[in-house]
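So, here come the structures, one by one.
Both complexes below contain chain A, partnered by chain B and then by chain C.
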Partner chain A sequence: MQNKNNKMKLLVPLVSVFLGLLIGGIIMLVSGYKPIEAYVALFQGMFGGPYYIGETIRQMSPLILSGLAVAFAFRTGLFNIGVEGQLLVGWLAAVYVGVTVDAPAIVHIPLAILAAALAGALWGAVPGILKARFKVHEVITTIMMNYIALYTTNEIIRSFLLAPGERTENVKESASLASPFLQSITEYSTLHYGIIVALIAAVIMWFLLWRTTMGYELRAVGFNQHASQYAGINVSKNIVLSMAISGAFAGIAGSMEGLGTYQYMTINAAFTGVGFDGIAVALLGANSAIGVVLGAALFGGLKIGALNMQSIAGVPTELVGVVIALIIFFVACSYIVHWLMNRVSKGGKI
Partner chain B sequence: MSFMDILALIIPAAIVSAAPLIFTALGGVFSERSGVVNIGLEGLMLFGAFTGAVTIYYGEQLGLNGAAPWVSFIVAMIVGAMLASIHALASITLKADQVVSGVALNFLAAGLAIFLTKKIFNAGQTPVISERISKSDIPFLSDIPLIGKLFFSNAYLTSYVAVGVALIVWYVLYKTPFGLRLRSVGEHPMAADTMGINVTKVRYIGVLLSGALAGLGGAVYVASISGNFTHSTITGQGFMALAAMIFGKWHPLGALGAALFFGLAQAISISGSHIPFLQDIPKVFLLIAPYVLTILALAGLVGRADAPKALGTPYEKGKR
Partner chain C sequence: MEYVIDMRNIRKEFPGIVANDNITLQVKKGEIHALLGENGAGKSTLMNVLFGLYEPEQGEIYVKGNKVVNNDPNIANSLGIGMVHQHFMLVDKFTVTENIILGKEPTKGGKVDLHTAAKEVQALSDQYGLRVDPYAKIEDISVGMQQRVEILKTLYRGADILIFDEPTAVLTPQEIVELIQIMRKLVSEGKSIILITHKLKEIMEVCDRCTVIRRGRGVGTVDVKDSNPDSLAAMMVGREVNFTVIKGISEPKEAVLTIKDLVVLDSRKVPAVNGLNLTVKAGEIVGIAGVDGNGQSELLEAITGLRKANEGSIHLRDKDITNKTPRSVTASGLAHIPQDRHKHGLVLDFSVGENMVLQTYYQRPFSKNGILKFSPIFDKAKNLIAEYDVRTPDAYTLARALSGGNQQKAIIAREVDRDPDFLIAAQPTRGLDVGAIEFIHSKLIEQRDKGKAVLLVSFELDEIINVSDRIAVMYEGKIVAIVDPKETTEQELGLLMAGGKRGTVNAE
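Let's look at the complex of A and B:
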């Protein structure tokens, strides 16, 4: 049984990715593009050389963290759609510390990342408290908190941190994750040290969930709230805790943008999309740390490869968004895959 | 600036920005009352806006003139229902997580709409339409002293259609057998099933209606407010409509009131800088007001809001 479950865990994402790409190809064919040429360009743009690999890894770092954020909350039975907002407040906190504090890099970088984690945790805890105390569904509150974060961070930048060009100042060099070394070995891509932070975070998530009492309680609440309550687990506390930790991962994802990729924060007219992509990453990765890293590699790569696909095969980059949406649909509909597998394993009797 | 002048500035603007929200929120009422969460309203509205912009553009080319927007509304409703059928298939028949399916629908709609825009027009946005819904005074009603100037003059016809549709939805939900069935399926599907109601069919109808109304909301937004479709035409209006539906306690007239109120907040945030006593309030408070109010409403601080009992759970025959 255990063995079969593991097989299914691997099979569902693989089949989903395949079907997503297949239908993406059909859409291209129908709209008069050349799907084979486009996919070759897409995959070359993902890892067809040091520069592309560097860009893909850079894109992965925030995606891993936002995926971990969604996955962590999922494990406690919570759906955190608010990663986007938690990411924005984390981004702002990291840049604020990066711009205003003076410290050597060894202190400055961890301090900025910690500030981002704290901001994200606070932003994530609010829906957690509302859920624990007032039984308000977290999906709605997190969506609302996203918009509050978007408008509030913009207003704070406008009022306190504005530099020419609708953005903040650059963070000080001592807070920057930029790495001339990583850039030079990847033919001057924008790769930075953020990927190390993201991978450490993935290990932390695995450790918290599977090797600590806290993680056991969190997962127990995710499986069955009533049973956990009966067993003496404080469900309310765990809901708030789970949302706060999830928010902390999301906040660190924001610091990747603030300290690594951009080195500043802009006034955002719309969401970055990284938080929403985190949902896709977590679903594809079946909410496990290793799955999230692999999912982020695929979706991060697709996003980067899309640029090459557009310039070589002329296919608009948005096709990748469609493919990702289709993949989520298929993963979400895994019921049908399970159902079919069950029927087949019973000797084809339907 | 007298108080009446201020009202004359804000209220028509509020009614204009509310219309697309009203349609979309009413769509949400249909879906959620039948027990299916519809986070996909945003994507459905977005695709409706795209369909509306494209249909009006080609309608103009074909010489439909003033009728083009109205034709586009019908097309957007059909396309919206078709797109929603994916959500219905996934969440009702295949028993996918309704929230996940809705999120995927948002991704799909956004990706597909801009992909097609680039394919058809070779640009990131559709051409600006010239046949918009025109502003007009309602005969007789606009001559009423005080109220006439505020509510019935210089406004879009679509806004009144929106109010009319809200009344129709209320009638359908609370005064017809179909409405009773729809609500019962959302509250207790098993009891409904036992009484011979086809749960799957009723839920499909609920979701398809929500797609049609959200599509209409998007097309109305293009025809009355934005004038074309770009990647930033619909950014959050669908979620705001979802908020309006919840703030309105899953009731059509409540949703109507909430959408009008959110429209008012938007109108004030746009024209607040011209108004003496609102100048000093930072714009950000007006921008976040709808969202903060929705959270407070849900927390029971603005009266208890209870969702339909079976909301979000797929129905499985024979399951206890």
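Let's look at the complex of A and C:
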């Protein structure tokens, strides 16, 4: 039974990816593009050489963290749609510490990441408190908090941190995750040390949820609040805690952008989308730590590969957006995949 | 003799388990046929095979003489088989009529013709004596009426073979009497009924024949008039069953639980417990008898720390546990078998093993410095599973996958194993079969004999009278009488529970 379930957990995303690519190919064909050429370019753009691999991994780091944020909340029975907002405040906090504090790198980097985690945690805890105290649904409040985060961070940059070009100053070198070494081995991609932070975070999420009494309580509350209360677990505390931890992951995702990819924060006209992509990554990864890492790899890879697909095969990057949407669609309706696989396996028997 | 339903030698396997092994079920036209078996014996699987939800590995099914080969779930409908589910499948916000016609709505000019539908419903309701108000909303009507709506749903779809799945589990005694009349009326109108149950009393009262299955195997079919509850129970469990609870004389010692002048408000801020006094001593079982809704739930919630006590005090031995948190109450030596095992007793999506440490996970040896230690947790779980005969493939199986009786055994194992001074058992045998009931009663008495204090709350008067050493009758939030179970009768208890005074029974 257990084995079969695990197998299904792996098979559903794989079949979904296949179906997504298949239907994406049909759409390309209908639109007058050459799908095989396009897909070859897409995969070369994902993994076809050190530069592309470097770019894919760089793209993965914030996606892993935002995926972990969504997955962590989901495991404890909460829908954190506010990852985007928590990411923005985390980004700002990391950049603020990176710009204003003077310290050696060994202190400065962890301090900036910690600030991002703390900011994200606070931003996440607010909907948690509202839910625990007043039973306000977290989906509503986290969406609202996204807008508050977007405009508040913009206003703070404009008022206190503005540098020429609608952005902040660059963070000091001692706070930067940029790595000349990693860049040099990947033919000067923008790869930075953030991936290490993201992978450590994935291990932490797994450990917290499955190996600690805190995780036991969080999961119990997620599944059944009544039984948790009966067992003496403080339900309100755990709701707030879960949202805070989820927000902390999201905040660190923001520091990936601030300390790694960009080295600064711009005044954002719109959401980055990384927070929302986290929902898809978590779904694709079945809310497990390892699944989120794999889901982020696929997601990041497709986004980077799309650029190559456009320049080599002339297929617009939007089509990769369609493929991604199709994959998510098939994972979400895993029922269709189950049904399809049953048909196939039955056909094989008869 | 032709059977309306003829299932021959059915075998259905699931990975690692044979759910149905060579079961034959033959139902005659116009009879009420009981399908009897313990929790998890394979009754539901057999019905799902009949409904085409599962495809059997072996065996043949004939309905009204025609062989059924298709495994299409809709086939049962077209063959005239209808199911009255234990957990109603109704839309709360819809009216009775809307629920009945759902999926088969009569239309007039593209609009649902509710008027004609309501008339049809009324006609059906009159024909079979199924009293309903076609225009009432489901959320406003009683459980008994909701069940009648479920029956009407099957009749509206033209069913002439009706399957009732544990229909009396949710009903009050009066509603059970009504249901039995309805079933008799249905067969007199030419319908055939399969009654899935483990209540022997009902089978003796209403059924013509009875097919017994045990652990997935067909044991046989008997004429009810040639059998008796003892023989049926023996067939079902596979051994003789004790209906009378065997217990020695109690030797109550010092008071363990002392409740003084307790007042507890319910969710509407009305006093549900209103100046209650009660003492439970070491070495005795006190049974609380009362009609549901007289403050029993609120009393238990106040004792266990789940609800605030507004006035009065609760002491566990010398310790004041009034308005303490559930955890500190539990740590003071209280164990609690809750009334609703799915809501309070278990985290259904946790494994059996994880559920076994629901109150102790934070203590050694199950965790250390906040890190869970899985080998002590699952060693403990495996021991409890063996000791309490919890039937589960292993300790890693989700609690959800267990049958009701085994879920209850798991809870009892967990609670009793903590070796508490004081044990609360709320409706501990609700919905369980005779074998499990016998086991649970013996465990409660075992605790008493070890010198523990036990508080039993039950709506089954048989259980209260058989198991308790003292009976406290609860009415409108107070204990109105303490009676000796050896000197009382169901009639006297019934009267006291309704607010009557002692002695008036004898006077009449």
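Here is the rule we go by: the second predicted complex is superposed on the first by the 334 of 350 C-alpha atoms of A that agree within 3 Å, B and C clash if a C-alpha of one lies under 4 Å from a C-alpha of the other, contacts with A are read in each partner's own complex, and residues count from 1 in each chain.
Here, a residue touches a chain if its C-beta (ideal position, glycine included) is under 8 Å from a C-beta of that chain, and two chains touch if they have at least 3 such contacts.
From a predicted model like this one, the values you see are computed outputs, not experimental measurements.
Contacts of A:Met243 after superposition on the shared chain: neither chain B nor chain C is touched.
Applying the stated contact rule after C-alpha superposition, one finds that A:Met265 touches neither chain B nor chain C. Chain A has more of its residues touched by B than by the other of chain B and chain C. With both structures placed on the common chain, the touch criterion links A:Leu302 to neither chain B nor chain C. When the two structures are aligned on the shared chain, A:Phe79 is found in touch with chain B, with no touch to chain C. Taken together, the two structures place no residue of chain A in contact with chain B in one case and with chain C in the other. Within the complex formed with chain C, the residues of chain A that make contact are 1-2, 4, 211-216, 219-220, 223-224, 226-234. Every residue of chain A that touches chain B in the complex is listed here, in rising order: 27, 31-32, 79, 81, 130, 133-134, 136-137, 139-141, 143-145, 147-148, 151-152, 154-155, 269-271, 276, 279-280, 283, 316, 318-322, 324-326, 328-329, 332-333, 335-336. Interface residues of chain C, counted against chain A in their complex, comprise 15-16, 304, 306, 325-328, 330, 336, 338, 343-350, 354, 358-359, 361-362, 367, 370-372, 393, 396.
In the complex of the two chains, the chain B residues touching chain A come out as 37, 39, 86, 90, 94-97, 99-101, 103-108, 110-112, 114-116, 118-119, 232, 235-236, 239, 242-243, 246, 282-284, 287-288, 291-292, 294-295, 298-300, 307.
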